[in-house]
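One structure is given below, represented as structure tokens, and several questions about it will come after.
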């Protein structure tokens, strides 16, 4: 398998990109060709990731102490991309180390499952070719983020995944809500991207190179203030991409996209890129306590705040979206206390169980034709496979042992608790709420009596096979925790019994509470009423959208409008018009002198000549 | 091919770039008598000849020699024309844009002979601006662009075209008049009219801020920077499609090219004081243009204001005047020529079909005119500076250099970047996405239009993937000039 | 010096007539007065300078030329009077700002 590694890893990004073009051109005619071509990228990614891991495990002393990860199993030559003179370059280069290899596996597996799932989910959609083309482009771009060995490469991939996300959220572009959601997602993440851009500008300027490993080597020699500023900028970029407070509002809206897209981009891969970026560039954050504080704060607020919102939503995709923000918050909290290994492990397990939950919700939505959990119910009998996999996912999400989520969440709680008990307790509450909403949705969707008309049915094989494939890691990934820690060469807090027991107990309590609070739609609605205004606030996600609209969007638009109407038209152009008016008035005034009276002209000539003579004789005196 | 033969080929190609369209112009004028379709064929032939000449310059031993020596003159004794890595991208852009302009005016039937003839004169004058190695010839070519462009806008534009054309003429002519004073000052001060000679001598002796701004003001009006930009939205909006394409595609680049070719090398000592002013003007321009573009209701006007924003980046990069930033400036200009050219081409095609540019009357074109929509989304993303496409490398490098020189002020540029994305996405959302609007019977792009758009798209991707194509070619030029401050690190 | 004074006075009178009189014939006559002033100066100063008759010859030539000019001018005035039915300058004005 190591022969595979002789291939330049850059092809992991380029080939899916080219395939995207091919799909766009031929996908209309040969319908099955589109998903098959789109599947090649993910499968290649998985193969490459496995080969890299094997090579790293086989190496004698694979670890690069400076980076905290393994030395690269495969790397591409440094291609000069932007060249000025002999000494200023921006380079395109990629490398696969242990961190990248694990992430490649995540991307590849989830993407492959999503492509297969989409065959059934999008059957007969007029945008078929477009869909698979953009998915393939996304896989290539995401791979580029993962294997980037220079900051330039990283930023290119980073922006491209954003663009793919934009195109896929707006996939059903005729819906105004989808168009609005796509625009919102792109612009919100763009704010974060400017942060990332500034961070890269600082690092490149300081280090004089954009090669990540060299930059990280240089961090020790940079002034602390500069590193701190760079880290804060990078953190803002990560926060935007990973939908953390205060740049989180785009993710719930992004659910306007097709559900498999939500599973791939808005649960497993792209939104996790913020976590990956931070882990990747950890030495920068290591030297920047303020940036760590920022990550921790954003993470804890997002984890708890979004979990509470998720607990009351009726739209199943909204529940999952807020759950994603909350789970990413756990990861950010772990990053904030320096436990990037724990954060990354949670990223992996979360990718598995959340992608599966999203695909499961897709299967349900496809079947019952609604996203409202109150209109579902009793589906466990008609959709046994979906139910079984969903149950594994929900239990993993809730953090019930021995499923994967238990181990990874425990690792996060462990490290955060030791660093900051306040943040740790907030996360404990959040994990109880997580179990609450996991139980609530499971009961409302799969238990009780069937609510909708009886046309619900189990999904086709292309849809349930991916669910089963994802269920496996969602269930057992926790067992490889030790191996992941080892291959990442990262220090991890040993799991302690008190913390694990407390987490498990809280999860069970939360789960039971969620179960009892949601006895059918009627019971759920009653619980909701009992909450009163608190419930309304949570259902409206703290009115955050309205707040942003009033505090940021509208003032910004007003400023733009004012700048145009007052600044551009009235003042600048007005000045021009005034100038023109003045010229024409002056012309009209002066033309009075042009009386047509030859004698007046002659008199003027005489007077001027006399004056000139006088002046000349005066000067020449 | 020996060096001498190669030089002869270069000389022939340089003259062909200017003379072929110039001589073809009267032929096109009279060809109308033989049928309304004839002039465009003449025009196509002339522009293809320009493309061929560029291809000769780009390929083979000629370009190898270019890379080696930096500058190969035509009529070396006369010192009239020359080509180097700075001029080459702009000349190529001119030829390509000419092709698009011709394609866009394929369906012009009213006095098509005069239309094509004027277009060809503009083409010749533009090529001459970029190739001139003599400051007087440069000035003559610079001003020669004005009149045919004025006639094109006034004669074939939409409703308020005459006023817009007059505004265009007055603004650029006023700038040109100041430039003339500057040119005379150069002639008197340097005692030479050869751009190469003056550049090699390290500038005009004793040139200070006065000469800098005399020369620069003509260029800045053309670029344009805020606050002398108001001719641009009017002229771009009212001009016929071909006019808009040439205006946005090449005409604005005359300003940036002039700054790099003439102003900086001629008055290098003024840079320390005047460079920051340029940067400040540019930063204002980015935010100003983007903010104005964001609130436009007329699609063409939106694209026009986007030019103000993008040229703001160029002003910033030129003002920083490092080797990196100048490379970025050239990249941004060439990229904007391609992207804005494509956008105006698409908007023109839409206008031809719908007879309106009011954004609110469109909607959901994604399911009505698919190819058009794909091209429009592509161009909008390119305009928003998406990596992998041509707009990104220049803006990325400009941002890094701005941070290096100006620190946190670069964040204002960052705000501009967000706004740039905002107005582009707004256009896409209102026109391509959403439910069908009032105008719902728009036919998709035809074969000729698809080919034109595809050519532009390929160029945009190539430049985005391989910006070194331009930056490497620029290197000899950057090495040849005295003023450049620092080379990054 | 008296010639200079008389010549200057003649010129001033003529100029006054040209600038102020509204009748074409009067203006023409004033011009003739103005011409007379330099002629007077020429003759008197020339005689004082070398005493030869060369200056008088030049003066005679100039008088003839002035007479020719006056003849053409008068002819024009007659033509104008026929077509415009007036010889007043302010009524003949055709251009004005």
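Just a few scattered comments:
Labels for the chains are A, B and C, by order of writing; each one numbers its residues from 1.
Here is the rule we use: contacts are C-beta pairs under 8 Å (C-beta built on N, C-alpha and C of every residue); 3 or more make two chains touch, one makes a residue touch a chain.
Owing to the predicted nature of the structure, the values given are computational and were not obtained by experimental measurement.
Taken as a contact graph, with one node per protein chain and an edge wherever two chains touch, the assembly forms an open path, each chain linked only to its neighbours along a line. The interface holding more C-beta pairs in contact, when A-B is weighed against A-C, is A-B.
Relative to the whole-protein C-alpha centroid, the nearest chain centroid is that of B. Averaged C-alpha coordinates give centres for chain B and chain C that are 65 Å from one another. Measuring from the averaged C-alpha position of chain A to that of chain B gives a distance of 36 Å. Between the CA-based centres of chain A and chain C the separation comes to 96 Å, rounded to the whole angstrom.
Here chain B touches chain A in the complex through residues 167, 170-171, 226-227, 229-230, 288, 291-292, 294-296, 323-324, 327, 364, 366-367, 377, 381, 386-388, 392-393, 396-397, 399-400, 403-404, 410-411, 414-415, 417-419, 421-422, 425-426, 429, 432-436, 466-468, 471-472, 475, 478-479, 487-489, going by the rule given at the top.
On the side of chain C, the complex with chain A involves touching residues 15, 18-20, 27, 89-90, 93-97.
Chain A contributes residues 590-599, 602-603, 606 to its touches with chain C in the complex.
Contact residues on chain A toward chain B in their complex (touch as defined above): 80-85, 87-88, 90, 126, 152, 155-157, 159-160, 163, 166-167, 170, 173-174, 176, 178-180, 182-183, 186-187, 190-191, 194, 197-198, 200-202, 204-205, 208, 557, 559-561, 563-564, 567-568, 572-573, 575-576, 580.
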